[in-house]
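In the two complexes below, chain A is the common chain; its partner is chain B in one and chain C in the other.
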Partner chain A sequence: MLVDFNFRIIFEYLPLFLTGLRSTCFIAVVSIALALATGIIACACRISGVKAIKYPAIAYIEIIRSTPLLVQIYFLYFGLPTLGLRVPELQTGILALMLNSGAYIAEIIRAGITSVDDGQLEAGTASGLNYFQRMRFIILPQALGVTIPPLLGQNIVLVKDSALLSLISVMELTRCGQTMTSERFMPAEAFFTVAFFYMCIYFCLKALADWSQRKLIFREAY
Partner chain B sequence: MIEFKNVNKWFGKLHVLNNIDLKISKGEVLVICGPSGSGKSTLIRCINRLEKIQKGEIIVNNTPVHDKHTNLTKLRAQIGFVFQQFHLYPHMTVLQNVMLAPVNVKKLAKSEAEKIALEKLEQVGLTEKSSAYPAQLSGGQQQRVAIARGLTMSPEIMLFDEPTSALDPEMIGEVLDVMVNLVSEGMTMCVVTHEMGFAKKVAHRVLFMDEGKIVETGTPDDFFDNPKTDRAAEFISKILTH
Partner chain C sequence: MMGFYFSRLVEIYPFFLKGLWMTSKIAFISLVTCTLIGFVLGVIRSSNNIILKRIVGVYVAFVRGTPFVVQIFIIFFILPDWGLQLDAFPAALLAMAIMGSAFICEIVAGGINSIHKGQWEAATSSGLTMIQQLRLVIVPQAMKVILPPLVGQYVLLIKDTSVVSVIGVMELTRVGWVTVVRIPEGLMVFSLVGALYFSISYPLILLSNYLERKMAI
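Our next item is the complex of A and B:
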């Protein structure tokens, strides 16, 4: 079996795969950054006492969490043009990943924040710290510790989910596998290579998360 | 120094503070006692606006506490608060716990804040624990750190909400000793506690609350030995047999 495995063709297609890898990394980095920002904002709205921003945030989070990502991608891909918005595939895909992950990240951050004991906040208030100082010195350092592992998990999910963008013809890693398959009909080689590159991304992300967790957990307050 | 004028507070329908009138002068040590749910915590939490009031006025050092133009940061810097459950920040060392407010609220230089923090830790007898984390300390030690944390802002008033209730009996003494020391320095103090020994030794006045009202006030000896009201007498007999 392994004798049949054609390594030569993998090398022949390597430039294509590297383009795909670059594209997937680009999509991941941009989507993760945007999703983090979306998640932080959505979470801030979600825990706010102001109903006018709290309920829209709840609606957004629940809609995203109750529907499949592929449906969300198609919804944007086919739906935006009917609203008269012509958005290229890549941007549509990034938007979908951002909105999807943002909702999950919002809930992850909220869990981290609510895990910090209210009494400590009162102690902070009583000693004159303002809202942002309480967030910065009391809540966030403790919330980060419990938030990083699930956040890492969510980012890994996002990278793997980005494979779905191949279905709206974004030229990323999985799409490269499909291209090679259709040109040469060697799906085993194609998707072996694709899987290998996803694993590389995974281990890089994991190393990054381990490092940041060591750096951030119980970081000194000043 | 602290004045309550006809203060009323409700939690929904529950009338927690009912027409409270009270004056606490500079250097006075007031002990507040009363049955559970009588509003003791709520009363002292209103002094630094951890709770809002719906009617009446509280004045601390000529500042109306519940006025919306009041600079809360400045007000709270003058008032130290010690909680029953300590509420230390578990991710910071003892020294960092104590230094947090002076550095960030008073904007002191780190070196200066550290100097004051170490002084206060010495005052509560915990200099050697300054680099420990709260989880490494006993309950009594944690509460002493919490007191030092309240003191680093050089407050004029210290509020204590059942500071020894969460402690094992053998640790109560060390915390009370620190508080007795504060009294001898002339600190103005409001202490919610059922520690009769402490009250008799240092309190200038005892205030007995029930169902949101001040039922009785008096000197500690008068109050504990000759309570004027039946409710106070009943309460005292309960804490004695306890």
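Our next item is the complex of A and C:
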């Protein structure tokens, strides 16, 4: 019961949890940066008129969105060695998170771009702007306001998803909880501490997302 | 070698179908319970009762702020300490119900809050009771806002059932994990697992896209 909740053991294991926290933050930051790049490229391919790059992008986005992340992680973790690639767990995990979030980010950006009214584009064309100028001066500034809040929401999802990397024994926050459980068999202390640290990250990111929502929402196209 | 593994995979294919059946079972039961609990919580969350609203708010924040794996570990490893011994399957259903209902609660509350206050007032002045107001006036209108993200959430929940494999429920992902030990062809095994997941969640994604287009007008 909660009566014999042992705080001393938590303090004893605090250094381990802090390493785990740092590792989770590191994984999240690296994966978000890579996923953003992947998402932008995938989205650019998705909305382009060239069929040779449009259809692969659609296939990538739809396959990722309709299979679980855990299956994607296992696919890479068990699959890459059969191709003769020896990739460490951490890199495999980051690759999986990158590919997974990249597909969602591509859809978020696409939703932002398509939310800009067609009339705006026509006005741009009528003003004699070329494709890149229309993107640069008309669409992207307006799409940004619609895109940033869900992008920050995706970051929250990614941090929580990174917990799944513990299953391929990447030493992150959840894995620290498992380590402590197996060493001392105190699952309550271990996993409530882990949950506490995740909550801290969640509230920081959520505050950021809410703030951006308030700041940017009125920049929506109209 | 590849061909040999492929024929072995074909041999144990029924095993995968069993996993798919288990996944569908977990998904179906938890979607139903999550929707029911989620609607009740959503109505509470959008009500005027400050205390109940806060309690639901804390619940939602806890569920949304922690990863689903951690929640499963808490339910599966800690509840026995508190005297509630659960098998893997009921523990998985409980975890899914707790997680899913928090997300659906937010969607429902968002939908109800999007309804103009005048509708509530009109319903009250027509002499409808609270339940009637919700059932006849508010929810039918809110459904338009609720439905597209709700179906999207269903897809996420179906995919999240893969995580319950960590406590040993023999569903699709777990079947893949067990198989890959015997047949060391990770790409092949997990492509098959992925394809089976795809076959359930992709139709729902298409439905969600369709609803989004239809409801937008």
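By our rule, the second predicted complex is superposed on the first by the 204 of 222 C-alpha atoms of A that agree within 3 Å, B and C clash if a C-alpha of one lies under 4 Å from a C-alpha of the other, contacts with A are read in each partner's own complex, and residues count from 1 in each chain.
Just so we're on the same page, a contact is a pair of C-beta atoms (placed from the backbone, for glycine too) under 8 Å apart; a residue touches a chain by one contact, two chains touch by 3 or more.
A quick note: this is a predicted structure, and the numbers were derived from the prediction, not measured.
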| item | value |
| --- | --- |
| Which superposed partner A:192 touches (first chain B, second chain C, both, neither) | second |
| Residues of chain A touched, compared between chain B and chain C (which is higher) | C |
| First, second, both or neither for A:202, with chain B first and chain C second | second |
| Contacts of A:138 with chain B and chain C, given as first, second, both or neither | first |
| A:123 touches, of chain B and chain C: first, second, both or neither? | first |
| Partner chain(s) touched by A:82 [first = chain B, second = chain C, both, neither] | second |
| Contacts of A:161 with chain B and chain C, given as first, second, both or neither | second |
| Touching partner for A:66 - first (chain B), second (chain C), both, neither | second |
| Touch list for chain B against partner chain A, complex | 48, 50, 72-74, 76-77, 79-81, 83, 85, 87-92, 96, 99-101, 103-105, 110, 146, 149-150, 153 |
| Chain A residues touching chain C - in the complex, by the definition given at the top | 1, 62-63, 65-72, 74-75, 77-83, 160-164, 166-167, 174, 177-178, 181, 187-188, 191-192, 194-195, 198-199, 202-203, 206 |
| Residues on chain A engaged by chain B in the complex (per definition of touch) | 117, 119-120, 122-130, 133, 137-138, 141-142, 145, 218-222 |
| Chain C residues touching chain A - in the complex, by the definition given at the top | 61-62, 64-71, 73-74, 77-78, 81-82, 155, 159-163, 165-166, 173, 176-177, 180, 184-187, 189-191, 193-194, 197-198, 201-202, 205 |
